[in-house]
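Heads up, the next two complexes both have chain A, just with different partners, chain B and then chain C.
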Partner chain A sequence: MKRLYLLGVAAAIVMFAVAPFWIMGAPDIDVPNATPDVLLSYKIFFYHVPSAMVMFVSAFVCGIASAMHLFRKKPGADRLAAAAGELVVVFGLIVLVTGPLWARKAWGVWWQWDARLTSTLLMWMIFLAYLLVRRFGGPGADRLSAAMAVFGMANVPFVYVSVNIWRTIHPTTQVVPSLSPGMRGPFWFCVLAFVLLFSLLLAMRARLERLRADVEHLYLLADEE
Partner chain B sequence: MKRASRVAVMSVVVAAWVVCAGAAGRAAQAPSTPGAAAPAGQAAQGASDQFVPVKALPAQPEEWPASRLVLGAYGFIWAVLIVYVWSVWRRLGKVEEEIRTLSARLAEKAPRA
Partner chain C sequence: MPMFLKVAWLVMRKDLTVEVRSREVLYTTVFFAVACVLVFAFALVKEGRPLDDAAAGIMWISVAFAGTLALGRTFERERHSETLRALMLAPTSRPAIYVGKLLGIVLLLLVVEAVLVPLVGLLFHAPIASQPLTLASLLVFGTIGFSAVGTLFAAMLVRARSRDVMLPVLLYPITIPVIIAGVRGTAALFDPEPSVDLAQMWMALLVFFDIVFVTLSLWTFEPLMTE
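And now, the complex of A and B:
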C-alpha cells in the first residue's frame, strides 16, 4: 500500500512538472479581437477549472460520508468527511484566488457579484463553517457539522448550473465540451493530475484522522489502568 | 525523519519557490517598464469633473500584465499546496509522537499489572 502511495506521489510530481510546458505549448482559445496579453491570461484556465472540479468532487465525498455518519453512525465515514471537508476549503481557496487573477485580464475587474462567483463563495464559506464547527463545536459537533456538510453538498448542483440559469459575465458550462482538439489534451491531463493529487491528499488527511482516533483510544486505555 | 528535519526540508522548498517566483516575476515585468504609469501629479492634472466619452479618454497603460497574473495564479497554487502538505505532515508527526509516548506509558504500566 505504501509503495502504491509513493508511486502516486511520484506520478503527481511528474505530471505537475510536465503540465506547464504542455499548457504553454497549447493553442490559444478562439476569442475574437483578443490581444496576446488577454490570450496569455487564458492559461490560468488549465489549473482554475480542474481545481473547481476537484472542489466539487471533494464536496460530494464530504457530503456522502457525512450522510453515512448521520444515518448509519459510521465513525470511519466521519473521518473521511473531515478529510474531504478540509480539501474543499483548500481547493476552493485556489478557485477563488485564481479566478479573480484571470478575471482581471479577461473581464477588466477582480470580482463580480455574479451568480457563479457568489454561489461558489457561499459554498466555500459553508465548508469553512463545517471545519470551524468540527473544531470548536464541543460535544456533538461531529453530527452538527455532518448536517452542514450535507447542505454544502446539496449546493454543488446549483453552483454548477448557476451559469446557465442566470446569464451574467462568467462563461457557461459549454466551454469545456467545446474546447479545440489542441486544448483538450493538456486540459484533461491537468484534470487527471488534480484528481490524483486530491486522492493522495485525501488518503494522507484521512490517515491523520485515523491516528487521532487511535490516540483517543490509547488515552481511554491509559485512564482505565 | 525527525520533525525538525521535516521543517527544515519544507522551509528550503518554500524558500526556493519564493526565490524562483520572484526572479520569474521580475523577468516578466522587465519588458513592460518603458511604458510605465504616469506620475501621480500628471494624473491629477489630467482629471476632469465633466463628462468625457469613453472613446475620448487617453489610453491607459496596463498596470497588470498577463504574465504577472499567470505567474501569480500558478505560484499561488504551488504555495497553497506546499503549505497544506507541510501542515498535514506536521500534524501527522505530532500524532505519531503522541502515540509513541502513550504506547510507552501503557507498556510500562502493563508489567506492573
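And now, the complex of A and C:
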C-alpha cells in the first residue's frame, strides 16, 4: 500500500512538472486582435477548469460520505467526509485565485458579481463553514457538519448550471467539449494530474484521521487500565 | 397521512399558544427588525434619498437577521426543562414534528414582516402596494426557504454549547441563494418601472429552493435528532 502511495506521489510530481511545457506548446485561442497578455493569461484555463472539476467531485464525495455517516453511522465515512471537505476548500481556493488572475486580463476587473462567480464563492463558503463547525461545534459536531455537507452538495448542480441558465460573462460549460484538438491533449492531461493529486490527498488525509482515531482509542484503553 | 398533518398541526398550535401568551419572541423580534431597518436607513440614505434597490435589500436583511433571532429564542425555550427531548420521545413521526415547528416559525416571521414591510415602504418610498400579491408571494416563499434550513439547524444546535455562534455560521451561507432571489425579485417590483415577469422568474427560483430545502430537511431531520 505504501509503495502505491509513493508511486502515485512520484507520478503526480512528474505530471505537474511536465504540464507547463505541454501547455505552453498548446495552440493559442482563436480570438481576433488578442494582445499577447490575453493569449498568455488564457493558459490559466488548464489549471482553473481541472481544479474546479476536482472541487465539484470533492463536494460530492463529502456530501455522499456525510449522508452515509448520518444514515448508516459509519465512522469511516465521516473521516472520508472530513478529508473531502478540506479538499473542497483547498481546490476551491485555487479556483478562486486563478479565476480573478485571468479575469483581470480578459474582463479588465478582478471580480465581477456574476452568477457563476457568486455561486462558486458561496459553495466555497458553505464548505468553509463545514470545517468551522467540525472544528468548533463541540460534541455532536460530526453530525451537524454532515448536515451542512449534504446541503452543500445540493448546491453543486446549481453552481454548475448557473452559467447556462443566467446570462453571465463567465464562459459556459460548452467550452470544454468544443476545445480545438491541440488543446484537448494538455487539458485532459491536467485533469488527470489534478484527479491524481486529489485522490492522493484524500487517501492520505483519511488515513491520518483513521490513525488519529486509533491513537485516541488506545489512550482511552490505557486510561481504563 | 392525516396523522402526520394532525401532529404537525398540534406542534404548531402548541408553539403559537405559548407565543400568544408570552409574546416574548414576537415583541423582541419585531423590535430588533425595526432597529435593523433604522441602522440601514442611516447607512444607505444619502442627502435624504435612499440608494437604488436599497429598500429591497434592507427588507430582506432585516427579515434574515430577525429570523435568526426568532429561531434562536424559539428553540432556547424548548431547551428549558428538556421539552424538545420530550417532544422527540413522543411516539410519532419526527418529520411531522419538524413540519409543525417550521409552520410555527414561518407564521411568526410573517407577522414580523407584516410590520416590517409597511415600515420599509414608508421610510424608503418603496411602492409596496403596486403589486401586493406578487410581493406577498415572494415574502412567503422566501420565508419558507429561510425557515426550512433554520428550523433544522436550530433544532440540531439545541444540544450544542456554541449554538449562538454556530446558527448564523451554518445558516447564512446556505440561505444566501434564498436571500439573493428574494432581494432581486423584490427589487424588480420596487423599480420605477416594475417588472412582474422578472419577479416571477425569481419567485420560481424561490419555489425551487423551497422544494430542495424542505425535502432535504425532512430527509435528514430523523437521523440528526437521534441521540
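Criterion: the second predicted complex is superposed on the first by the 225 of 225 C-alpha atoms of A that agree within 3 Å, B and C clash if a C-alpha of one lies under 4 Å from a C-alpha of the other, contacts with A are read in each partner's own complex, and residues count from 1 in each chain.
The rule is simple: contacts are C-beta pairs under 8 Å (C-beta built on N, C-alpha and C of every residue); 3 or more make two chains touch, one makes a residue touch a chain.
Model, not experiment: these values are computed from the prediction.
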Given the superposition on chain A, are chain B and chain C in a clash or a fit?
fit
Going by the contact rule set out at the top, does A:A147 touch chain B (first), chain C (second), both, or neither?
second
Using the superposed model, give me the angle at chain A's CA centre between the CA centres of chain B and chain C, as a multiple of 10 °.
110
In the three-chain superposition, say which chain, chain B or chain C, touches more residues of chain A.
B
Using the superposition on chain A described above, determine whether A:G76 touches chain B (first), chain C (second), both, or neither.
neither
Contact-wise, after the overlay, does A:A129 reach chain B, chain C, both or neither (first, second, both, neither)?
second
Can A:D214 be said to touch chain B (first), chain C (second), both, or neither?
first
Given the touch rule stated above, what does A:S41 touch, chain B (first), chain C (second), both, or neither?
first
Once chain A of both complexes is superposed, is A:G8 in touch with chain B (first), chain C (second), both, or neither?
neither
Distance floor for C-alpha atoms, chain B against chain C, superposed on A, in Å, equals 22
Please write out, lowest number first, the residues of chain A touched by both chain B and chain C across the two complexes.
none
Where on chain A is chain C touching in the complex?
70-71, 118-119, 122, 125-126, 128-129, 132-133, 136-141, 143-144, 147-148, 150-152, 154-155, 158
Please give the residue numbers of chain B that touch chain A in the complex, ascending.
62, 64-67, 69-70, 72-74, 76-77, 80-81, 84-85, 88, 91-92, 95-96, 98-99, 102-103, 105-106, 109-110, 113
Please name which positions on chain A make contact with chain B in the complex.
20, 37-41, 43-44, 47-48, 51, 90, 93-94, 97-98, 101-102, 104-105, 197, 201, 204-205, 207-208, 211-212, 214-215, 218-219, 221-222, 225
Which stretch or stretches of chain C touch chain A in the complex?
149, 152-153, 156-157, 159-162, 165-166, 169-170, 173-174, 176-177, 180, 212-213, 216, 220, 223-224
